[in-house]
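As structure tokens, the structure follows; a few thoughts come after it.
So that you can tell them apart, the chains are marked A, B, C and D in the order they are listed, and the count of residues begins at 1 in each.
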Amino acid sequence: MQQDPMTQLDDHFHDECGVFGVFDQSEAANLTYLGLYAQQHRGQESAGIVATDGEHFHSHRDMGLVGDVFTPEDIARLKGRSSIGHVRYSTSGESGLRNCQPFSYQYAHGGIAMCHNGNIVNAGALRRELEEAGSIFQSTSDTEVLIHLVARSQGVTTGERVGEAVMRLEGGFSLLVLTETKLLAIRDRHGLRPLSLGKLGNSWVVSSETCAFDLIGAELVRDVAPGEMVVIDGDGLHSYQLFAPDQSRFCVFEYIYFARPDSTIAGTNVYQARYNIGVELAKESPVEADFVMPVPDSGVPPAMGYAAAIGYPFELGMIRNHYVGRTFIEPRQSIRNFGVKLKLNANRALIEGKRVVLVDDSIVRGTTSRKIVEMVRAAGAAEVHLRISSPPTTNSCYYGIDTPESSELMANQMNVEEMRCAIGADSLAFVSLDGLYRAVGRPRCLHCDACFSGDYPVPVEIAPSPQLSLLRYFSRHSK
Amino acid sequence: MQQDPMTQLDDHFHDECGVFGVFDQSEAANLTYLGLYAQQHRGQESAGIVATDGEHFHSHRDMGLVGDVFTPEDIARLKGRSSIGHVRYSTSGESGLRNCQPFSYQYAHGGIAMCHNGNIVNAGALRRELEEAGSIFQSTSDTEVLIHLVARSQGVTTGERVGEAVMRLEGGFSLLVLTETKLLAIRDRHGLRPLSLGKLGNSWVVSSETCAFDLIGAELVRDVAPGEMVVIDGDGLHSYQLFAPDQSRFCVFEYIYFARPDSTIAGTNVYQARYNIGVELAKESPVEADFVMPVPDSGVPPAMGYAAAIGYPFELGMIRNHYVGRTFIEPRQSIRNFGVKLKLNANRALIEGKRVVLVDDSIVRGTTSRKIVEMVRAAGAAEVHLRISSPPTTNSCYYGIDTPESSELMANQMNVEEMRCAIGADSLAFVSLDGLYRAVGRPRCLHCDACFSGDYPVPVEIAPSPQLSLLRYFSRHSK
Amino acid sequence: MQQDPMTQLDDHFHDECGVFGVFDQSEAANLTYLGLYAQQHRGQESAGIVATDGEHFHSHRDMGLVGDVFTPEDIARLKGRSSIGHVRYSTSGESGLRNCQPFSYQYAHGGIAMCHNGNIVNAGALRRELEEAGSIFQSTSDTEVLIHLVARSQGVTTGERVGEAVMRLEGGFSLLVLTETKLLAIRDRHGLRPLSLGKLGNSWVVSSETCAFDLIGAELVRDVAPGEMVVIDGDGLHSYQLFAPDQSRFCVFEYIYFARPDSTIAGTNVYQARYNIGVELAKESPVEADFVMPVPDSGVPPAMGYAAAIGYPFELGMIRNHYVGRTFIEPRQSIRNFGVKLKLNANRALIEGKRVVLVDDSIVRGTTSRKIVEMVRAAGAAEVHLRISSPPTTNSCYYGIDTPESSELMANQMNVEEMRCAIGADSLAFVSLDGLYRAVGRPRCLHCDACFSGDYPVPVEIAPSPQLSLLRYFSRHSK
Amino acid sequence: MQQDPMTQLDDHFHDECGVFGVFDQSEAANLTYLGLYAQQHRGQESAGIVATDGEHFHSHRDMGLVGDVFTPEDIARLKGRSSIGHVRYSTSGESGLRNCQPFSYQYAHGGIAMCHNGNIVNAGALRRELEEAGSIFQSTSDTEVLIHLVARSQGVTTGERVGEAVMRLEGGFSLLVLTETKLLAIRDRHGLRPLSLGKLGNSWVVSSETCAFDLIGAELVRDVAPGEMVVIDGDGLHSYQLFAPDQSRFCVFEYIYFARPDSTIAGTNVYQARYNIGVELAKESPVEADFVMPVPDSGVPPAMGYAAAIGYPFELGMIRNHYVGRTFIEPRQSIRNFGVKLKLNANRALIEGKRVVLVDDSIVRGTTSRKIVEMVRAAGAAEVHLRISSPPTTNSCYYGIDTPESSELMANQMNVEEMRCAIGADSLAFVSLDGLYRAVGRPRCLHCDACFSGDYPVPVEIAPSPQLSLLRYFSRHSK
């Protein structure tokens, strides 16, 4: 398949997955569908739902967007009052139907289905150990490792077996497990990835983000705690703390880019956090200019905050093509900044002759930033001052985020002045780590900011490889 | 096919089509593809391109979005240095492949292809006349009527034949005609629908909107004048004024909602016009409030103008789901404002306890407005003041815009206070016609505002039916 | 699209179309679907049905097999008590959706739909005349020419208009016309192509072949006569003889290959005619051999006749792969007679060391015959005696049959001994023209055998081009 | 999904699978594709190929026919010089992509892929034992049980591990195993299902049937022996006898119906065996009649044998629709024997007033036989004498053949006279067991004829359920 020129543009870190579960509700699969629909931004490559009617498991998974993967007939076949679902951006190293979650298996204690958001850093070692003991693997997903651990556990209850297995895992993950009679929700010991508990009438729901609760009309009850395993069954909700009360190290990048602005994480609204980052940026890095404009859409809230704090007009100097989609057609002749223009168009009428502050959320490889600055200049800007609502991303992530190798990160190779020069901006500034946490309103110690600081809360198995692809045994196209 | 719950939401007038053409360029079809891609907002139901290599015509048309209708192989087969293309929202009364434009035919003088944006109000009468003379019709499109008139013309040149045919037409339309050796671009005598001329190197391009020129790197030269027929051939561009210099009556709603904000029409940038409408609205209808928030995305520029003019903060109190797509799956149980929530989510963290000014572009049937106000209140708003960046839409359009019957228009049945009450807002105000034209910066007499005023520049054939479906002879599903 | 290696194999003349119609029956579209299904052998490229409920016309047409083109939903939408349908192998020179029949149009007297099987040899001249008079053409189908003639007729009734138009046509065609209230069935003056009338209860049905009547349980009433126009309406069936009682010249090749063996044409059962040809062949060209084997499937009946007449065993020495379908995958390395082997496999166990008589229906280009003989030899045959159940095909057809240029016909370029040599058979013999007509049991003078004799009953417009493609104006891929 | 009326008709026992493998050949996947293509009659529900390049495994599997499942791009991605493939009719009890073979896994010793034709009767017990030991199962396929056994084996070489695993299996199966460096081919101890070894140049190939060798130009070397494990690697072919030289019990029904007529099994050509059965039938059960006609296509060889032996003409009294395919469209009104007529049409011209011997291969439930006899009578037959080229099928099969429950078998519930009466034939006769083996030409003791005799060579785990569905844990639609 040819590569979509659009994807070349999307120079961001990417969250890898979103999960959603519901227990004992009359239209479990339908609500799970909606819970995934609301979290589509967390993964567009595949989607899957497994439901149980207490006796059988029903599963539907495929490559594609939630709205394309499921027909009403598919949902109708997903019978039962409990279900879990998953959207995926791309898993560690491979894709394909073979790796679509949730996975469902039968083992000695009946059926079991699982899905997770995040990355298990010691999955490779565990897998080798399991293979030595005679386990066979069909996918490269960490989830398959986990199900083997559960199946080999001597625990008496599902909770004991899953708990015993999870305690062997290192990494950042939020995990859902479904059996005929139980729904389990587990967060890694540092709570690196989000996971919230809610109620819809008398039924429990779990979701990576709270925006899913809003869509289905559920109420947020609380976040699952770091290291907590919640077991929901016919007797209600039972909480188990699998790990000693370790320090929370929640991923701060969820506030900057991954989460939907209308979600609330650890009590902080994401939109407000982003707006506040703009305010901090204005305080830290003011500049003489005529107006402030965002790179749509993720740059909008910090641009608004920056404009409000500094007292300049906020303008939409770039217009986004709302019908932008997959396109494989490119002109043979050169059109300047063609790829960027498919998605964004600088409004010359507004920009010509003006000094603009351009606000974006992050700089990863820097290629898109350079093109956008060039496009704004081509539209007549007198000066282009770039402001970034995150600190420089100097390090790769190993906890479930799709990031390039560190060596591909512009901030890993250059200092800010070199970056400014390469991008072609008149000035360039990033929010500081301190400014970031002021904006979020919670202490730095509760967060992971390894991508900015290199301070990794969990040691990784093989240091130099980000999101290490433990196994490339089966090829990409495999089904 | 089940109905998409999303479409129920889209309570707007809709532009029916966009056109694009290029003459004598090495990658004509590719550029036409991009010209349509940039104008996807003008029509999402079907897309088509006809190209000519000077000897044969090559055509590809299908239902769907531009990016889905054309594969690289399709584009490669559209050989030739000149081509025209079309996107359609839905034509008068019917849809289906049979009505996809451009149409291409062979007649006594060779091949001819045509497409248009707009509506020919005397198409029914002309069609009856042609049928009496032995013409046969395969579609219900006005374009087919026009091609018959051209084929029956005794004119010597293509220009004469097309000109003679066009002079018999009444209505609002922008028309492109392609022959083996010529590209013609014609605008109705009042210039109701937009059409601009541009240059890409030495090649002429024509487009409904200038945003298409930006994408392919072409320069805007000028708008085609009302009543003008431009003939482009190997000798260059020739202009003919088909009608006595009548008064321009350009559709003002293009500034309010139809056009892309980065397009420029008659010298006025659309984004700035919308921002200015917000400023006028703030002057005309101020209100005590805590902040201003738009209904995304069309409400954003006027909301920014309103906020800047009145001095309140501008906030994104509603978040749009960027991955919203077609979905046919609805929960069986009632979820309040479900349809609206699929697309928009009110951010409780921001809204709770606040008095908000909510800015939207228009109220058509009023059903969505009521749901949105209700959703904002459910998110805790203390007061909701609705401001609309157009005057009340009291009348249907007959010139190529998809509008409900007048009797379905809320503003046709109620006064503003009754509308406020029905919608459930604490206050409701529309921009005045005067304010609208101050914002646009051009005199009212050059525009058509029949949808607000009932002042129709062209008499319509059968008064009571908007966008009259002259013929429903062939059923919807026909191919 | 890559070429299917299978199609290279199919070295036959091909019938171009089949038609079916039903008048005033409660499930008209459904029966038309079945009528086309039974006649799929007459055309596999496209299928279409138009039905009328007396007020509107409903149409569904697409590329593909009948079973793929129509879903139950499609059939349900084809409302009405009368309908006509069409399957097509490929039209004169072009394909594509644009040329799918039936065509439906509106004209001064309401709606009209048409489809035909065959070829109108003066279509080019008529078309040029119509274009001069201002007609426009969207397809290259002869049917479009005819509808224009009907629309321009001054006749008072549909029958008068259609009759007047048909009288201008030269060629071989069977034509169905549907209006809101009538079904017309017309056969050219020589009755070159088949068309039969049947009754299903009180409803009239028409079909290219009688096997369609068998499937739906209808009774054969009679064949439509050469030059007859049958008009079926609420008052019953009315017959008009459009042409002076000219000589019948029915296509004898229908008996040899085109028609289904279980069809009956002019009172002769096709299977029996084929069997009898084998008997005649045995009498005319006996040979010493161990057994007789057919090239499946069309060679089976004459092989049975040959074997029975000469008294040798009849054996299935070649096995046909029943699941053979479209395949684009070929081995890179050479496999002898690969293309033939995908479809047929010679059974060594039976053939080894034996002298075999191999019976096939015709030799067109001769390429496949050579491969088949080679394959039989490779399976160990001691001698291979090829017997052909048609005379040598020396001339192209201009009356609706897909044939190569005469110069590509092996029998046009070589005598029988040269052909035997090229094909590599030990002996080669064709049935004689006399033997053929003895087998069919009807006098030669009532038939067209131009492909064997060069005696064309209707002069063709442009002599040297078989199935002349009057117009290649619109390219293949056009929709 | 609605049910295809065609499938109701197909009242046969069905072979469940076909396998093909090639070792060390430059276009392994392509040849495997062709090997499956030639064996499509053994399974139409799904197809799959796994290839290895010595390092990675590449897999492609999907529901559908071979020609639809694989594109040239798919084949190109299946890199490597060795591969195995599989077609499936339907596995024990379930279908769906989850059960498509070959399966490929990674385990402690690298990658391993497997596929089999047949059924492992003790799979349920082995599965429960493996689950107790901590194994997890994603499918219901017996193959997954086998791979777990291999993974848990302590054997040093692949051969030791696979051999140790296979020795625990009971049932009828032919199995292929692929590793990075080896291809293994194993047949159960009784050799119930076929498996042949061939050579293509210097490369080994294995196939369920020899017709696959013919297509690719390979030579048959020998059948794999009952209980033999063949290991092919870089050093050549190594043979291991896994079981004491037990009695061969090859499935005699392969000769009657399953295998392609051009295949040769145990030295007997299938077509000749079928012809001979007809001869035996004529000797055992002659009858006064005018001619002999088959139920196409499987009834053709025995009908030819019957006709030749008794000296009556052989006629094709029923014509098969060659384009018959999936159709979901049925008439609302009753058409007699509609389902049968979609596929077969009795030729009245031949049958009317005649006494016919009708030859079919088997009677399973008897429903189709009744309809066919009725159709032949409706076409005017004076007498219909039904002759069946197999003994009465009184018992279900447990060794990889899709059969109904014994209680659904007509011959299990009725004697021959009762069957004749229910079917409505004038006489009915089956070939005797002795006649069958005379026709095959090999002693009965080397065969399994449990479906006729109830003499099962391998005891089945749970007696009363044919092709027992050990597990219906995951639902049909699961992916």
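Some points to look at:
Just so we're on the same page, a residue touches a chain if its C-beta (ideal position, glycine included) is under 8 Å from a C-beta of that chain, and two chains touch if they have at least 3 such contacts.
Keep in mind the model is a prediction, meaning the values are calculated, not measured.
The minimum number of touch steps linking chain A to chain C comes to 2. Taking each chain's centre as the mean of its CA atoms, D is the chain most distant from chain B. Chain C and chain D have CA centres that are 37 Å apart. Note on chain placement: the centre of chain B and the centre of chain D lie 61 Å apart, centres being C-alpha means.
Averaging C-alpha coordinates per chain places the centre of chain B 49 Å away from that of chain C. For chain C, the set of residues that touch two or more other chains is empty.
Viewed as a network of touching protein chains, the structure reduces to one closed ring of chains, two contacts apiece. Of all possible chain pairs, the ones that touch are A-B, A-D, B-C, C-D. Within the complex formed with chain D, the chain C residues making contact are 2, 26-27, 30-31, 33-34, 37-38, 40-41, 44, 65-68, 70-72, 75, 211, 214-217, 260-262, 264, 269, 271-272, 275, 297, 300-301, 304, 308, 313-316, 319, 321-323, 325-329, 331-333, 335-336, 341-342, 345-350. Of all residues in chain A, only 56-62, 74, 77, 97, 100, 103-108, 111-112, 131-132, 134-138, 147-148, 151-153, 471-475, 477-479 touch chain D in the complex they form.
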